[in-house]
Amino acid sequence: MIKVGIVGGTGYTGVELLRLLAQHPEVKIVAITSRTEAGIPVAEMFPSLRGRVDLKFTTPDEAKLNECDAVFFATPHGVAMAQAKELLTHNVKILDLAADFRLKDVKEFAKWYGIEHSCPDILAEAVYGLAEINREAIKKARVVGLAGCYPTSVQLGLAPLLSPKSTGGKQLIDGNHIISDSKSGTSGAGRKAEIGTLLSEASDNFKAYSVKGHRHLPEIVQGLKAIAGHDQIGLTFVPHLTPMVRGIHSTLYVRLTEAGKDLDYQKLYESFYQNEPFVDVMPSGSHPETRSVRGSNGIRIAIHRPGGGDTLVILVVEDNLVKGASGQGVQCMNLMFGLPETTGLTQIAVSP
Amino acid sequence: MIKVGIVGGTGYTGVELLRLLAQHPEVKIVAITSRTEAGIPVAEMFPSLRGRVDLKFTTPDEAKLNECDAVFFATPHGVAMAQAKELLTHNVKILDLAADFRLKDVKEFAKWYGIEHSCPDILAEAVYGLAEINREAIKKARVVGLAGCYPTSVQLGLAPLLSPKSTGGKQLIDGNHIISDSKSGTSGAGRKAEIGTLLSEASDNFKAYSVKGHRHLPEIVQGLKAIAGHDQIGLTFVPHLTPMVRGIHSTLYVRLTEAGKDLDYQKLYESFYQNEPFVDVMPSGSHPETRSVRGSNGIRIAIHRPGGGDTLVILVVEDNLVKGASGQGVQCMNLMFGLPETTGLTQIAVSP
Amino acid sequence: MIKVGIVGGTGYTGVELLRLLAQHPEVKIVAITSRTEAGIPVAEMFPSLRGRVDLKFTTPDEAKLNECDAVFFATPHGVAMAQAKELLTHNVKILDLAADFRLKDVKEFAKWYGIEHSCPDILAEAVYGLAEINREAIKKARVVGLAGCYPTSVQLGLAPLLSPKSTGGKQLIDGNHIISDSKSGTSGAGRKAEIGTLLSEASDNFKAYSVKGHRHLPEIVQGLKAIAGHDQIGLTFVPHLTPMVRGIHSTLYVRLTEAGKDLDYQKLYESFYQNEPFVDVMPSGSHPETRSVRGSNGIRIAIHRPGGGDTLVILVVEDNLVKGASGQGVQCMNLMFGLPETTGLTQIAVSP
Amino acid sequence: MIKVGIVGGTGYTGVELLRLLAQHPEVKIVAITSRTEAGIPVAEMFPSLRGRVDLKFTTPDEAKLNECDAVFFATPHGVAMAQAKELLTHNVKILDLAADFRLKDVKEFAKWYGIEHSCPDILAEAVYGLAEINREAIKKARVVGLAGCYPTSVQLGLAPLLSPKSTGGKQLIDGNHIISDSKSGTSGAGRKAEIGTLLSEASDNFKAYSVKGHRHLPEIVQGLKAIAGHDQIGLTFVPHLTPMVRGIHSTLYVRLTEAGKDLDYQKLYESFYQNEPFVDVMPSGSHPETRSVRGSNGIRIAIHRPGGGDTLVILVVEDNLVKGASGQGVQCMNLMFGLPETTGLTQIAVSP
């Protein structure tokens, strides 16, 4: 059994981790920390866990995280990087659900997150946690910076068009003018007392936000460049707040180059993802819906080419709390510990 | 492995059965029937099942239901009773999610459902499928008429106040004046093309319905009488349509008798349900919420006595598609086949 | 034109007052105050008012409230009573949307609101703002404590059964055992940064709250006693949080006495409310829905007697922000200034 | 008073017309037709109209539409064109909310709507009902084919970039590669008994639909060509179904040409719409939200240029039932009868 600790379990990614890990056959959750809630049973805050998770929140000191095999950080940005060194000294593997180990460029990190990176050396060795792209590196990693929710949907939605594995090095699309029109449920905003995501504000309403620039933009661009193996990537990324709890739907628009005009993109995608347990390339003409992955680690993709023109439209759905966060974490953990990748992640989506 | 057939799998209880049974370690789903959808892959209608359920809908003839060990009916009222005799001849156990085998009085059945009962003899042997009340009978049953969604919440919410097991035969409450103010999500209305449950109609809206008389009223009254062991039961039952997908919340009001005034009802409930794996009596002062059981087979109950007066308020939540329908069916099936009652039903609620 | 000031306009009752008053033909809004938002245009916080309300929030000092004809308090409890004396000195009429002038018993006020009442003398002269019950008194009032949202629905739902005007002094119901099972949208909780009413928490969910005791309980009981003209009133009041923005649905249960068993309650209600412009007694057998009054000052009521028994079920819907708050305020203001009661309140409900 | 008839008032655009026209100071609604509902009071089907609209549905024969001054068609496609000639003979002005008089090319009409156009001559004289673009023509029109919901948002969102009035004839954008990622509430699908828009299906869910080709695509392209005065227009249009009742949010992406790179688009838009009563160009950096126009005839637009690059992002919100349908109809009617354009359309958005 893998002994797992969770730092900061009072948010949505925290409770989702608990839901998944409590049902994981190879995991024993040994500690979950929260300074503010120390002493409180987890199931008191999250009644959905009553009878299934008996832990109490503890202070970080009591948690003895150094004795864990793996520690998940379900914390605000900046926490994981402060504790990473100590944990690594004790051979604890680290999975960070926040952004501390995502952006490789410390200047970019400082610019978008407003804090200096405190351990650039660990950042240098950290692996970006997106198993479908980085599987082998994750297997060997000591520190994984798990991919963000939007970035997961955009990168997996575009990888077959950019990766030399499937393109053979040809430029199939105009990589400088990619558009991602992304929509997220409110759980992506986290479990925070804020007016903007009150039901009274966000329900029966739809709006874009952060059009000027969202923190996930540099992460996606970095990821797409890595996938493509070159730097000719430009992205317009517009996130929207949708009146639902879970789910991300990214609608991706790319312009085909001359070189890309004669390919069968349905086949390209099916071939690229044929062995991926969590990626479902839907039949041609499909419209994936977010509820079809609600509560599951699946991601579904459909490819359209309206009117046979030079614009390709790719539709991608995921559950932002599972494949976009905690499920991704468990998937990476499985890889890091040599387990079958789907262990503990076989939940079927709850629909309706 | 139990070979299971499902008749009529195109509704919400059908797809929910598939979700649960596809993850059940002791079940093999061998057939799912739908005359209108025969030949269509189940996962085409329900994309949430893509990659997990490979069956196609078949006609009842092709389905060879006679070779099954158990057949679930997820059909409109009247279908199960037409096929029951034939199946029993072949030693197939029957679990009906509709109302054909719920009401013991054929006149009541005809009155509320508008059709004559076609097999009163089978009805006579059928067992009411509410495991917490009827466990031993279900174990031996050939035919189980699964309890309805509202009736499950009301009966389990009131059983400790009425059952001689806990009352010792005393009349603790005025059984003639029970009030159940119940609220259901729209999935309770089924997957039917109707205007009243369109999102445009039912969203951001709240209303009562069928105040004059709902089909679950006679079922609940029959059940409460059976639990109480007497006929002094009168119920005012008002169902409401709530703008959510899953979940039932029943708010029950009972008046305490003189004999009932000095009891500790928190203890009474905790004692009554102490060994039940799916019933959670919450701590005193709790307010259970429907999402705390979303997607799970759990039922949560809280007991209040506002102002210490003579009115007891019992709050009950369940997922109408799980504990109120398909999960209840799997629970009963487990009992009928000698399996541990929780087999395949250990999903933790998806929350948020 | 009536010169109106609004104190504390940053909440939902504030913006709703602005919506109504900006369209009121006899009103000029001269000031709206908010210490925290002073200097900010109202339409910046509430874009729905862009192009329609040009005011900026001001500090109370700048607002020159003493020069107004009327001042609305859309503030937390405790603010209106601190400023009332000064305003009255300047002959400004006061309408308080909070609870400062609702409860006549200062001990009850202190018990439920946790603060001592600072001006019992003004409280003594204040009139309870529920026009259908208190019309004549409101016309002459200098200070009106507007009825709360739940209390409006419960009192208007029960008045015909209790008021000597319609009962002729007979006890038609068991007044000691009234049950109000009430459901509210989340806007009733106000525009406050809180976790419990986030869309991620409150959406696709249903729960009761404050079953132990809600602040509206003493207000309702006081009101029912006043209507009945006696003290034999006992109420079990259970509020529920519903996943919608606006709307209250109260389901009221009363037990008929022998004296009450032979009346035609449909007629009783129709007669009682026949001249009320905002109260709609629906046809027998109706199920009013909250959206039928969304955005309007209407209240709709239906009366049921299931099975012809001795329990009467009354269904009441209102928009908590209009008839339950700001519309009620405008209605009372109209009365106080001798205007036709419906002036500025003729909006038709927005449905769907 | 303008005598108005409504053909087919049982859908959402019908009830919305009634809401608006019943409050219109210069209109008398004389008839509303529905074959299936003839004899039924309108307020029985739409309780929100109780006490405000006393009409019953009538058969078309009884309705004496020929005696009206104007007739609105809130019908399925194909109905208006069958009745237009007769009405015109009697000097009745026609406003069609369906698509019969939108597409000027009868082949396109037949291709997208599956029926032949029955009166090409009337189609030829019909004016496209989008007042901000076609004001003068509408004033003189006998027949107006009102702009569709999506087309209104896309055309008004792009007009300042295409119209020679503001561009001075320069090509500011690459008109051949416009992208409209549009999101609609479910009321856009109409009041029809369908599974796909049940609350149980569409709630807590998000999906694209009709990516292959939506009927509004040719309408938008026709409109943009007319605005631009040339044919170099290519559009990728992807509509999405959003879990809310009312509202459309179109996110528009255009690529600037060299000629377009140095303009101030905020000013361009503000200038273009400076005299429009219903179009609100929001301050730079804004994110309009659909609820800010809920129930009102307003349309709000914000312009973004992320990172100062060559992609312009325009955000547009409207209420699909008001500015996208019935409000648009009233606005055009006002013009046709020489009334101030805002008459009866001064509702402030209901928010929250």
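For clarity, chains are labelled A, B, C and D in written order, and residue numbers in each chain start from 1.
To be clear about the criterion, a residue touches a chain if its C-beta (ideal position, glycine included) is under 8 Å from a C-beta of that chain, and two chains touch if they have at least 3 such contacts.
Computed from a prediction, not measured in an experiment: that's the story for all the values here.
Here B-C and A-B were compared by C-beta pairs in contact; the pair with more is B-C. Matching C-D against the pairs in A-C, A-B or B-D identifies A-B as its interface repeat (over half of contact pairs the same by residue number).
Rounded to whole angstrom, the centroid-to-centroid distance between subunit B and subunit D, based on C-alpha atoms, equals 46 Å. Averaged Cα coordinates give subunit B a centre that lies 39 Å from the centre of subunit C. Between subunit A and subunit B the centroid-to-centroid distance comes to 37 Å (mean Cα coordinates, whole Å).
For subunit C, the set of residues that touch two or more other chains comprises 12, 185, 187, 191, 200-201, 203-204, 243-246, 288-289, 291, 294, 352. Note for the complex: subunit B touches subunit C at residues 177, 179, 181, 183, 185, 200-201, 203-209, 211-213, 234, 236-238, 240, 242-247, 249, 251, 253, 255, 285, 287-291, 294, 304, 306-307, 309, 311, 313, 315, 317, 352. Taken together, the subunit B residues at the contact with subunit D in this complex read 12, 185-187, 189, 191-195, 197-204, 243-245. Those residues of subunit A that touch subunit B in the complex are listed here as 12, 15, 19, 22-23, 46-52, 187, 191, 203-204, 245-246, 280, 282, 286, 288-289, 291-296, 298, 300, 321, 346-352.
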